[in-house]
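First chain written, first letter: the chains are A, B, C and D, and each begins at residue 1.
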């Protein structure tokens, strides 16, 4: 819940070889809406020309039937963008489509590059112009500047120059290219639907079509989908995978496969490990719906304490407005959650949540739970304290705002008003993801697999 | 889930004695949005004049800050209307405001009258005109025709002539009147917020303000709220309460009080009784989220079988559109629900749901669960089969469409593709609501507390 | 120009016997848009049922193709409503459709009744309710209360009880009824298109379809159009026609027939008479476009002084907004009109306009003309000073606001900054309309053909 | 009128040194709306940052108060874009804003370059990417590639490489640059308002603010406005001015100054010369409103034949829709114009118009005039036949569509159904513009001052 103040990722969907390419991309983006609610875009190709539509708004508002009718073709890529505070304009939506010497190329990006400022300065010195503030644009410049003949070689050459996090979908008139950076920071997987190849950030986008999950796209892997065939390449920069662990903790839907793993399984193990590390006497375990449901269930099963529905979430979207003098955060918590008094009254309650960011939301929620009659409130978080910024595409508040950067666990416990507070340890968290190899846990540990350029301050980052 | 094809009710909210009457009514309606998503309206009074705004759309779309600014005053009533298929126009929104000899009177109604056609014909014969197709309008005609002097006496006299289901909120310049019909078909309760009296269909509308639940408004009770005082009266037509039991089964939010009872408690007992009546060997219990969650938990606790999250629900609203040739219902089920394969694969699954209406949705959902690998699927429904129309404000499909009107349980089981199917018995359901006295269960039993007029066919009913 | 601060009328259009009834009514209303820009509505009948759509906004915004598709039938009536300042809501749009003992009846009204308060009070005493603040609703109540059997007899009976100004279109399932009040205050005429009978406030609505003007509908005449036949009746209250002369001066389009006369001919005679009554030495005659163009041309021809285009009008609609501290009227004049310096510089200019209402707009316009270099500015108005309110459907500012109610011509001349000011005399104006019999000129003369009820103050009038 | 099927230009407005820069630019664009109704955009600078907003739609829809509030600063440039059929998307709106090595630069362009394809191909070969299909983007690439230090020097260097028509407004954080190409194809003039320098395509944009016209910006002149000072430079490519004569004939508003000349004066002379070249016996002269009004008046004065208002134009904007089977052009003519029968009946009519393009509109209009009773119809056009495409920013239909490219005057006369048809001769037209030096009349004569590149077909042109 508290993780909601952590910016979501973006969502990617692509398809090649289907007569309803635009429509299916629309559905795929709809299933990925939780990864970005601010803007959406689709580019299609009919082999001769490409067609684009993008706008601010939810997928369902941006793509009406008459809009999809103007997007013919058998291949498509789509992007859904997460919401930052006001900085996004129509000019910063994706995919970006450009013309260059080899024709037309479109690109959708999830992630964040770490050597942007240096590259950009250098290219500007050579006379380039930039029309957006997105680092994605740099990749297209590099592709255009490549001396290679084939589009895929151009892409490989371009990616050799950028560092950081990127899951990318390229669409030219003839082909769709899907690629994950060598560290595999952000997810991307391959599926199949009615003979067409499909790719998406999470496999839940395949399910909505009735499509099948095929496999994870590996870190550093590039898929070239052309005329029904898939060719696989490896980016030359070979490293160990460092997939973002926060996808398991919070971002991804539990019904999705990411990194070759089912999210709900990992999330349940997070709950179980948490129960082992931070047991306590209590009457019930409740979750902060919906993102913590699975982990709370894991905690309950492991601890043997009864799982209950102690908070009801209001799912009607659209921000309610407040009156002058009201406090926005207080209002938002009350509009979004309602405690179930019959469940909580007189009970010792374990609240399983996925993070504490600023602490303010947790504090308000706990007050609400106590007002509903809980006699004790024990907070259990399915990951370590978030104390460091992310340079790989997750919009975490600045260190100044992160409560864990300034207070120890006991101080945080006191601030949010819990009877006890337990975070899953880094070891416990890594153990829960088991065979997934190395993962990126920089936001918890401060250990950055790819150090950002010196001149890359958090604020200079285009948040994606 | 399947109950979603049963038309929701409307939601009512009223407040008297608060400077932010319109804003608080807006918030209250937002919390009651699950009772009606088609239209919303608010009337306010500042003691001198009344102000109205109503429109088609969700509460959050209809009421923007600049709209609320045009609704001054310290008392207000609001209405949110459920969605039928296209028949509703701006002309059929509520509250209705009229001028008559005693001034201005506004009315919001949840329920359905049963002697409408006769009354209407009679009034038309006497020269009356009707500007809507809502039976609510009839009540206002009767109030206007009353020879009584006081508004409250006019209302009592008017209500003496109508039969059927009505929870009503009246607003004149000077007072707010809340009343439930003598059978108490539809809910209405009283609360308090910062010294102001508030009334609502469900208490969750109090919680969103930070207000307190005070008590149920009794069947046949009329509250007159005027200058800070509440006066209580009883409608003369004394009968036993027959509150709609479907509110417990499906309509109301689990965090609400209705009829003086906490919904989540009753719903949990429905699940427990169901477990006792229809036990089976299985590995897991899953719910069709969100409306069956609490009952599924009850079933799991009673049976000792593990509760799991086997279906993920997509909460982004706005109907996705389909392509020509696609089947709407099939599409909708897949967009709304995604099975969690890791939970279901190889498992014997008990699916707890709140009703089977036409059977088509259940069939599609079960196929999805089986495709995700469930080895057995046992369906348990928290109420008896719905086989009869409702004349009291619930929009149930015609008998022709109700699968239970034509097939026995075994045939339905076969149709939806379940390994077993069990419905909670009428006795079990009534036992679960315990001390709530007589309840209306006509949609299950065909026993109508108030027989409709001869000329009142289901189709002639204005569905509310 | 100045007349723009005088509220326009409403526009009526009806058709019977054409498969494209709704579409043609939409076009007709579009041509009548100058009579009302605030709201528009259409009711159609297919003989079995009636269909309605109405909303705030311009005709072109209210009626989109998908909306017209929901308005089947072969007969229709439509209404376009003029803009007052904010008071109009969706509840006060027309046509009004009601159900009553004889079925469904819809009504569109142009004009204003003068015995509303008395009738309304009396009906309320008898138990009637009113859902709008439009006096049109009263007529429907009277029709419903009539004991007559035939709809047309009911209408005659109802109209026997109301006084004032009304051009009306009624639509029942079976017939369309068009009627003008016995004084014929507001225009209404009959046309023909592809075998269908059409009626409209002005004949320009026939031209847009390619239809033909047939004749004026007489004061006190009622046309009953049913199954292709037209039946004519006369209202029993026989009087001399008193058609509103302001329609000739300003409201109607010059290409229209009203009252059996071509507007442009009358308007040209107004200009000619004005030239005879108020000659002056000057170099050029200019008009305040577009409403005074024809009269200015008449003035020029009669006087022999050259007609020039000295003011350009910006036709892009939609009110521009102002910044804090700016003066709205000053801004509006400058946005709407731009003087042509090359025409005006060093010239003695005669400005022909159709009225001076508050004087402020004229003053600003004259300053603009002088700033463009005019050496002398002589203002000529095509009618006498407007000094009295209208009770028959024209929204004239209160006497307090009318400059002519407080200042004599010399004082007004001084206020607006003209070198000379001449108004056409009442005699001259009446002479210009020639054979049109008696006309209503109450706003100039204070002579009211139908005295309003004692309790009918200007402010109490629902302005139509 | 017929000229309406010739695509309009774009409109430019800029201001430097005023606290209400965005608001005043909005007003200026509103006055220039006739030059482009498809999209509008504004960029502002506060010296530290620049701010942008652009969208499809009319100026009044694109810029609401809350939008202008997000455009702070004391300098601004704005652009209004004309409407082609559907090809324009949000991606092709202006101004374009880019980042490059020297900071941020925004550009608004009216005109069309003639060496685009060659430049673009060359730049793409060097690795550049293009995000729009507008040739304007090329100019920004050239500025970015310049090795010069100062922005103004970069611009001069860039413009040295492009050929064709351009009136440009550049905005950087520190300065506003206004420039016309060496041929001065498109207009641009300088004004003053409350101490701020203002520039616009036409001076009517100054008048709406209450600003003053100062002077024409010369062909090949560049103004650099910085910290309140204006510096003037000349582009090195010295040529004779060849301003577009069609601006006088049709595009510009008669109340504007362009090229240092008052439009209404020239347009009146066009009418007079036309009267001398093509006299005929007739009763009245009418104009096709509003664009031919001034010329018609000139014809009338010169010929001594009475000027009349024979056609009324419906000014309500928004395209009316047609029914299946209807003919769009026929419908549009009837919706837009209505003949005044009283003026036309029995008369020999001279119709003064500004062009015949395809001939279809003229034919429909003439039929309408004859149906209204005109006994003879003589068409007089204020320019020679339009027979050649424009490469300098005017969207003229292809030669295939231009009636004058295939038929001689007699054949056109026959086609449109006129009794006689006379075009002003090229000499007559040039004589009417008098001291304006050489002008571009390529669309009439086929004499192109700047020959387009070989590979520049009309269809390849991005129409501006």
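In this section, a contact is a pair of C-beta atoms (placed from the backbone, for glycine too) under 8 Å apart; a residue touches a chain by one contact, two chains touch by 3 or more.
The shown structure was predicted, so the numbers you read here are calculated from the model rather than taken from an experiment.
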Most widely separated chain from subunit C, with each centre as the mean of CA atoms: A
Interchain centroid distance [CA atoms averaged], subunit C/subunit D, Å: 37
Computed distance of Cα centres, subunit C from subunit A, in Å: 60
CA centroid of subunit A to CA centroid of subunit D, Å: 48
Per-residue overlap in subunit C, given as positions that touch at least 2 other chains: none
Arrangement of touching chains [line / ring / star / complete / other]: ring
Chain pairs in mutual contact under the definition given at the outset: A-B, A-D, B-C, C-D
Complex interface listing, subunit A residues touching subunit D: 52-53, 55, 89-91, 96-101, 121, 124-125, 127-131, 133, 140-141, 144-146
Partner subunit C, residues of subunit D touching it in the complex: 20, 23, 26-27, 30-31, 33-34, 58-61, 64-65, 204, 207-208, 210, 253-255, 262, 264-265, 290, 293-294, 297, 301, 306-309, 312, 314-321, 323, 334-335, 338-343
